[in-house]
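Each of the two complexes below includes subunit A, the first together with subunit B, the second together with subunit C.
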Partner chain A sequence: MPQQVQGDIEALCRKFRRRQIEGSLNTARATAELLRSLITRKGHPDATSLLSDVRIWGTQLQAAKPLELAVGNIVRRVLHMIREECQNEEKEEVATAKVAALSEKEKITGLLSRAFRQPPPRSASLHNLLDLQHDAAATAVPDGPAEQAVAAPSQHAPDSQDVAQSGAQRRRGGHWEGKASIIDQLNELVGELRDIDSNIALHAVEHIHANESILTFGMSDTVLAFLLEAAKKRDFQVVVAEGAPRYGGQELARKLAQAGLHTTAIPDAAIFAMMARVNKVLVGAHALLANGGVMTGVGSHLVALAAKRHAVPFVVLVGLHKLSPLFPHDPSVSFNDFKSPSDVMDFSMVAEVLDAEESTAGVSGEQLYVHAPNPVFDYVPPELISLFVTDTGGYTPSYVYRLLAEYYSREDYTLSKELLDTIIR
Partner chain B sequence: MAPSRKAPLGVAPGEEALIAVLLADSFNQRFRPITLERPKVLLPLAGVPLLDYTLEWLASNGVAEVYVFCCAHAEQVKEHLKAAGWLQERSSITVKVIVSTTCKSAGEALREIDVKDMIKSDFVLVSGDVVSNMDLGSALRMHRARREKNKNALMTMVMKAGTTPAQRRRLGDQSLIVAMDPQTKRLLRYEEVEAGRPLPNQATVDAHFWSETDSVEVRADLADTYIYICAPEVLLLFSDNFDYQNVRKDFVSGVLSEEELGQQLYVHELHRDYAASVLNFRSYDAISSDVLQRWTFPFVPDTNLLPLGGAWGPSSYRLWRNFIYKEQHLKLGREARIGHSSCIGMGTTIEDGAQVAGSIIGRNCLIGKDAIVLGSYLLEGVRIHAGAQVSHSLLCDGVVVKEDATVCSGSVLSFKVVVGQEQVIEQHTSLSLCRQLQQSTSLSDDELEYAAAGTASPPSEAALGSSAEASRPRLPGALEDAAAAPSDGEDGAHYDASLVGPDGAGYRWQPHEAEPAASSAVAAYFSIAPPPPGLPPPPDDFSDDDSTVTAAEEAQDAVVDPEASFKREVSETFLRCVRDGFEKKFLETELNSLKIAEHKDFADCARYILTTLLALCLPAPPRAKAEYRSLFPESAPETATPAGKTELLRRLQRLLNTWTDLLKQFLRSEDDQVDLLLTLEEFCGEEGVFEGTGEQCGLFSAVFAKVLQLLYDAEVVSEDAFLKWADEKAHAEAEDRVFLDKAAEFLKWLREAETEEENSDEEDEEE
Partner chain C sequence: MNKRSISGYLEQDERGDTRLKTREKPKLPLPQPPPPNPLAHVREPKVRFSIADDNSQAIQHSGGSAYTVPAGSSASEMVVRKFHDALARSPDTAVAVAAIKALTSVIERSTATTMMGLEKELKDAASSLERCNETAISLKAGCQLFLRYITRTSALEMENFEAAKARIIERGNYFAETSVRARANIAEVGARFIRPGSMLLVHGHSRVVLALLRKAVAQGIQFSVVITEGRPDETGLTMAQALDNMRVPTIAILDSAVAYALEAFRVDMVLVGAEGVVENGGVINKLGTFQAALAASCHNIPFYVAAESYKFARLYPLGQRDLPIERKHVDFGPLMPRNTHIENPSRDYTPPKYISLLFTDLGVLTPAAVSDELIQLYL
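And then the complex of A and B:
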């Protein structure tokens, strides 16, 4: 059984590595489905062991494709689910304990300390900066010593480790009870991922108005769905920049035109000139980072700057599976993918240098090459972004930290910190 | 699992499972001396064995089953496959190993596979040194669509378009002239030009192609990628034609020449995708740099896609600015300079002041203080000590370059070679711990052809034990023995001390003479170092000053003019038989088979036998191969003087005495004889194929009539044939009748003799 689990993980890792699964949505779905099947199949005596297993699996998957932050996001979501489940159980426990026998100590300490005992889940802020450090210290130690951290007397509020411990006490028949609920939630997550584009598109009519001119850049399925949804109710015009060197924009323009929208395709070089005439810029994204910046198709930064210059709103459509608690300066964010230069230049160019060397005979020795980096992504900083439209509604970049608190546990932000240790052993 | 909506590579599901045959042997010796100890397919390219590139590419294309055919070092290949996890059951691709240690060519390997009767459907044939990121799916779909319509569409050859001459030079690849139908991509003609040679000035295409197709495309920008999609019948053809050795040289040209059988080959052009094969050290260097420049994406170090474990361990490369790839756990000195396009493996230490650029450094290497490593390939555990310099060289596992030593460009240092302090290894030197046997005749791939270290050296006291032990021939690929060698060497076996220094270890390894790239001037074009400008000189079989020009010409007509090449073949066959003293019977058989192979008739053979005989009376033409030079006389007789004429004729007479029978064998009719005379005329006039050959055939024009006389006397040509020739020529233009005029006297005599004879006949009758 454990071998089979490991086999399944390796199979998916191999698919990730071979790029047989591309795109953050597909990756997220594959990850969620694999985690669901693994959690269902493998027995776990308590929440702690489940947490540690999911963390290890997730780290392996993320390591197979460090670029695709969606893998880590889904893993963190699952970890968060498990922690929440524990917390709920603990709450129940406390509630029943209160009813059954209120401890003397509890009575004496009074309201203030009780408030300390059960702080509402909060995100990182100045108020709980100290908690944050404590958690980071606790989670920096891998799962093995987690028990030790719990064993140490905790002066602060019970963190999730305590919670997990208390959950562990409630296991029955060698299996953790909360698992069923986790699997339910995972099913929900998979369903959510399936409908994510259409959920984003639901907001289309609120953002696109009649007779507007919308500029988009490159190819994005989310943008396509969004525009098509809006076109059901509104009449508007779309300007598509082709997005060299992969020219996804040409594909998008064709699809839009087939659907009967007014479509104008322009080369990337014409974006700035065109910007004065459009009402809004809509683009998709590869990942949404913790500071509100996005990783998106190469060239988008140019578009964002042009939009800023012309005071045109720059709207990013992004499913929340792309929301990552990592910052762009994080060393574990593998930021870009450099593809084959064949998109940019002809292979024969590499050898032309040999001829050039002949003409400058004697200079040879150091090999000269034409270098053609072909990055896939751009980073667009938060100050250039006007709005995110997600499956749960529109948010400004400054609100992203709230979303993080909603979907992830702080302890799991550092998932990737262990990544290299686990992989290299 | 989620269905992948737009998988970049791969075969659509639902199609027939795809099979691949991977030849894990190169069947040549270009990677000597490395291949003595490790098969070429396990040579790492940017840290990963070549074989893994090919397998991973096949796997990501959805190939279900791969038959890995191993010959030399089969055990090592098997071990690697096991260690890298390819043989595991849960791996998405089934890898089966076929071992045959006797095969010496791709043809034999394919015949063996045919005998095993395992392949029933279309398959991909690749060699284990292909690095590619092409999408097999589209090529395969086209292949299958063609097969649906026409069962005779045997094979689709994948070729990379847009390959410029400079690119070929960079890759050390052959030039190729391909004629095909632009619509159907059917291959009509396929001509290889030896690597480094200029393209011929002419290419001939049979006019009858236009009866089948409206247009024919002749391309010189296609490069063979050594990826073939084959129908199962291909194996049958290899079995039927048991002399097929090479896929391209024999099979492709065989199928194309037997067009009447209806079998067809097709071309699949690659434009953006990358595909190349590591043929020699030159392409090893070029492809390595392509990998670092990411042309092979996603097969680049930082995707860490390739080794899924095993001996090499999972990799952890990351890409830094300027195409620098680094693994974890490096010790880089603060002052160490890492230049453009470098790749550094785990556990490597680079000390202060060291300079590394354009190089691939394997795992656990050491580069000492102020050492310089430029454009070089260091495999595992190489130690470059302080102040040493290495440029454009390949250093295998465990090589040590001691303090202040220099390894110049183009060198290849095989496993565990030690270069002593302050030694200088000159350009294009190969060193190995294996000592080369002096007299080796076998050309077979990777076979045992070397003695253990220490065998041939005078045994010193300390080495007595070890050399006795080592004097048994070492098994191929016995790495343990090689590992033991350096310890022998320290105090025992006498290495080439002048080369590697008193504290070094290693013998010089001379490239095999039979290899085309034997001479050092040519070697420069196929070595690790960047190719020098211009085209390489041809293999210098002779030392004349004008050799470059003439040999290049030879290469040209070899391709351009089938007639000239046939002429050369005949004359070479003839000369070989003369030199080796074969019996006439064998010579006749040889020539006959040549005739059949080339679709020629008897007269064609006879013509060139005669001209060869004539040529043998003169000094060797500049183009003759060195081995036959001794057959020719030293100098030409002075034909201006009667004595010279007589001398020339005497020489011819002598030869005719011996070879008349042979000539007669090939002159079956009067017409053949007339042809012979016409050729003789061309020969003396230095026209047609004899033009510009540098042979002094013109000398014979002075004695033309006498030559005719000799032929007549030897009964090679009958008088009827002479007269017929004269009649044919009688109405020709003045300039075409030069030789007729020369022969006028002879003809007149002949006619008279005939009439006399007739007269006498008549008289006889009258009586």
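And then the complex of A and C:
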């Protein structure tokens, strides 16, 4: 069984490395499905062992595709589910113990007031500053990333603090009982990922009004679905910038025109000129980062700046599987990918340059180089973004921290110190 | 009526009623500050005020007490003495920690038999503590946090007064460790923002910032620091000394050279500590922080603040005038004309829009998240 589990992980990692699975949605889906099958198959005596397993699996998967933050996001979400389930169990147990301990009279009087007495949430907050730190020390467990980092060089397992951390664990017949609920939630997550574009598109009519012109950049399935949904109810124009050097915009323009939308394709160089005439900019994103900035197709930063100059709202369509708790300058965000330079510069031209290089190299002793970098992503800072439209609604960049608190646990923000080190070095 | 005295802020009292609280005037031994136009007061003595100031720096505590000891009842004297003892014990003690220690000692000696009685005693003690230095924001924030904690505990555990009291004492005594822990946490989250080979600008001395930089050094990240002199108390030089001990390449500049340095030395980020973090996510810190933030925002350089969460204060300053009034002596030398009026505020307020992120022990927060934390605590 363990070999099989490891084999499945390896198989997916291989697919990731070979780029057989591309795009954040596909990788997220593959990750969620694999985790679901692994969690279902492998037996776990308690939540702690499940947590550490998921963490190790997730680290391996993320290491296979460090650029795709969605992998880590899904893993963190699963970890968060497990932690929540654990907490719920603890809470229930405490509640039942309390009710049992109460005398008959107290049972009658205090029920309503007890209902409002929720134990404080576990994540660090100003209002449990004193409690939280105390509890952490009382169990004499090195808690928090600080000690973790200090101990990191000699640490045998990244999850040693986890083992002690999740406190009360129950062992009932060798299987953790909360698992069924985790699998249910994972099923939900997989379903959510399947419908994510259509869920984002549901908000289309709220954001696109009649007779507006919308500018978009490059190709994004999310944007396509969004525009097509809006076109069912509204009549509007779309201006598509081609998105050199991959020209995804041309493909998008063709698809929109086929669907009967009023479409204008423009070269990237005309974006600034067109900006004054549009009502809104809509783009997709590769990842939504913790400060509210996004990683998105190269060239989008220019679009965002042009939009700012003309005070045109810059709206980013992003599924919440792309929400990452990492900051753009975090060492574990390996930010950019580079594609073949042939998109930028034709190989025949490169050959000419190389020839020239050869002939002059002997003369000047210096080498002539033409660098033709072809990056894939741009970073757009939060101050240029007006709104995120996600599958659960619209949020401003300043609200992203709340979303993070909702979907992830702080302990999981850094998946693994080791992974981090392998990426930095 | 003095213009400053009408600038007030809404404060919610214990019963949940909202009232407009006008700012109390500081009880100073000398006359009120003049109206903004200095020409109207030609006959001002050169040095008008010299009340001591805290500035939440370690260096000040070592040499003589920075806080005035008010004459009052024995109970209030006691709490103030405890506060000073705690501060004097170690130069690394934060003001809020000392305040909470002092308040805990009040509970220990309290004869109250009900939560209400205990709260009342504490409130009196806290106000006498705050009277030591009306302008210290971190002191105020620490007292507020602890009082709020008591209120919450009494709401949660009404069953047994003695148990609740013991719990509070335990937590209070533990708070010093909390503060050390908080600093370590901040160092961890903040150090990740320092990229290898980057150039930082640091303003003034701050223990948190120092801990953060130390952490980065320990992680093997190489970076350089531009440090401001930090007039008039030259706290920047203390910082420079600490950085020198860590063998971090450091450039010291005049406070007035911040804007120049940001461009000339290709600074990648500005990092400051804070004396207090206010409700809208802005910070109150050593004078010159605001102009550093303005300059950084003009150059599109990220401006980061490192602060422990117990410095979050329930203040909502709208501008520099809303800060507690406080003046310190500054010597401009014999060339200073007699009739020229000197202003030497020791801190300023930096509005949230100039702050990129705050590194706190609660995580890396946007200024908006600070309000969220405070609302969660006090609502």
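Here, the second predicted complex is superposed on the first by the 330 of 425 C-alpha atoms of A that agree within 3 Å, B and C clash if a C-alpha of one lies under 4 Å from a C-alpha of the other, contacts with A are read in each partner's own complex, and residues count from 1 in each chain.
Assume contacts are C-beta pairs under 8 Å (C-beta built on N, C-alpha and C of every residue); 3 or more make two chains touch, one makes a residue touch a chain.
Because the structure is predicted, anything quoted here is derived from the model rather than measured.
Q: Going by the contact rule set out at the top, does A:258 touch subunit B (first), subunit C (second), both, or neither?
A: Neither: A:258 stays clear of subunit B and subunit C.
Q: If you tally the residues of subunit A touched by each partner, is the higher count for subunit B or for subunit C?
A: The partner with more contacted residues on subunit A is B.
Q: Mind working out whether A:371 is in touch with subunit B, subunit C, both or neither, as first, second, both or neither?
A: first
Q: Quick check for you: in the superposed arrangement, does A:211 touch first (subunit B), second (subunit C), both or neither?
A: In the superposed model, A:211 contacts neither subunit B nor subunit C.
Q: With both complexes overlaid on chain A, does A:291 touch subunit B (first), subunit C (second), both or neither?
A: A:291: touches subunit C, not subunit B.
Q: Is A:351 in contact with subunit B, with subunit C, with both, or with neither (first, second, both, neither)?
A: Once the two structures are laid over each other on A, A:351 reaches subunit B alone.
Q: Looking at A:14 after the superposition, I want to know if it touches subunit B, subunit C, both of them or none. Which is it: first, second, both, neither?
A: first
Q: Using the superposition described at the top, list the residues of subunit A that contact subunit B and also contact subunit C.
A: none
Q: Using the touch rule from the top, collect the residues of subunit A that touch subunit C in their complex.
A: 117, 124-127, 129-131, 133-134, 137, 144-147, 149, 290-292, 327, 329-331, 398-402, 410, 413
Q: Can you tell me which positions in subunit C touch subunit A when the two form their complex?
A: Touch residues, subunit C against subunit A: 145, 148-149, 152, 156, 170-172, 174-175, 177-178, 181-182, 184-185, 187-189, 192-193, 195, 215, 219, 309-310, 312, 356-357, 361-366, 368-369, 372-374, 376-377.
Q: What residues on subunit B touch subunit A, complex-wise?
A: Per the stated touch rule, the residues are 1-2, 4-10, 56, 59-60, 90, 92, 133, 160, 162-164, 166-170, 272-274, 289-290, 293-298, 300, 303-305, 308, 314, 316, 318-319, 323, 328-329, 341, 357-358, 374-375, 391, 530-531, 533-534.
Q: What does subunit A use to touch subunit B in their complex?
A: The touching residues are 7, 10-12, 14-15, 17-23, 26, 29-30, 33-34, 334, 338-343, 346-348, 350-352, 354-355, 357-358, 361, 364-367, 369, 371-372, 374, 420, 423-424.
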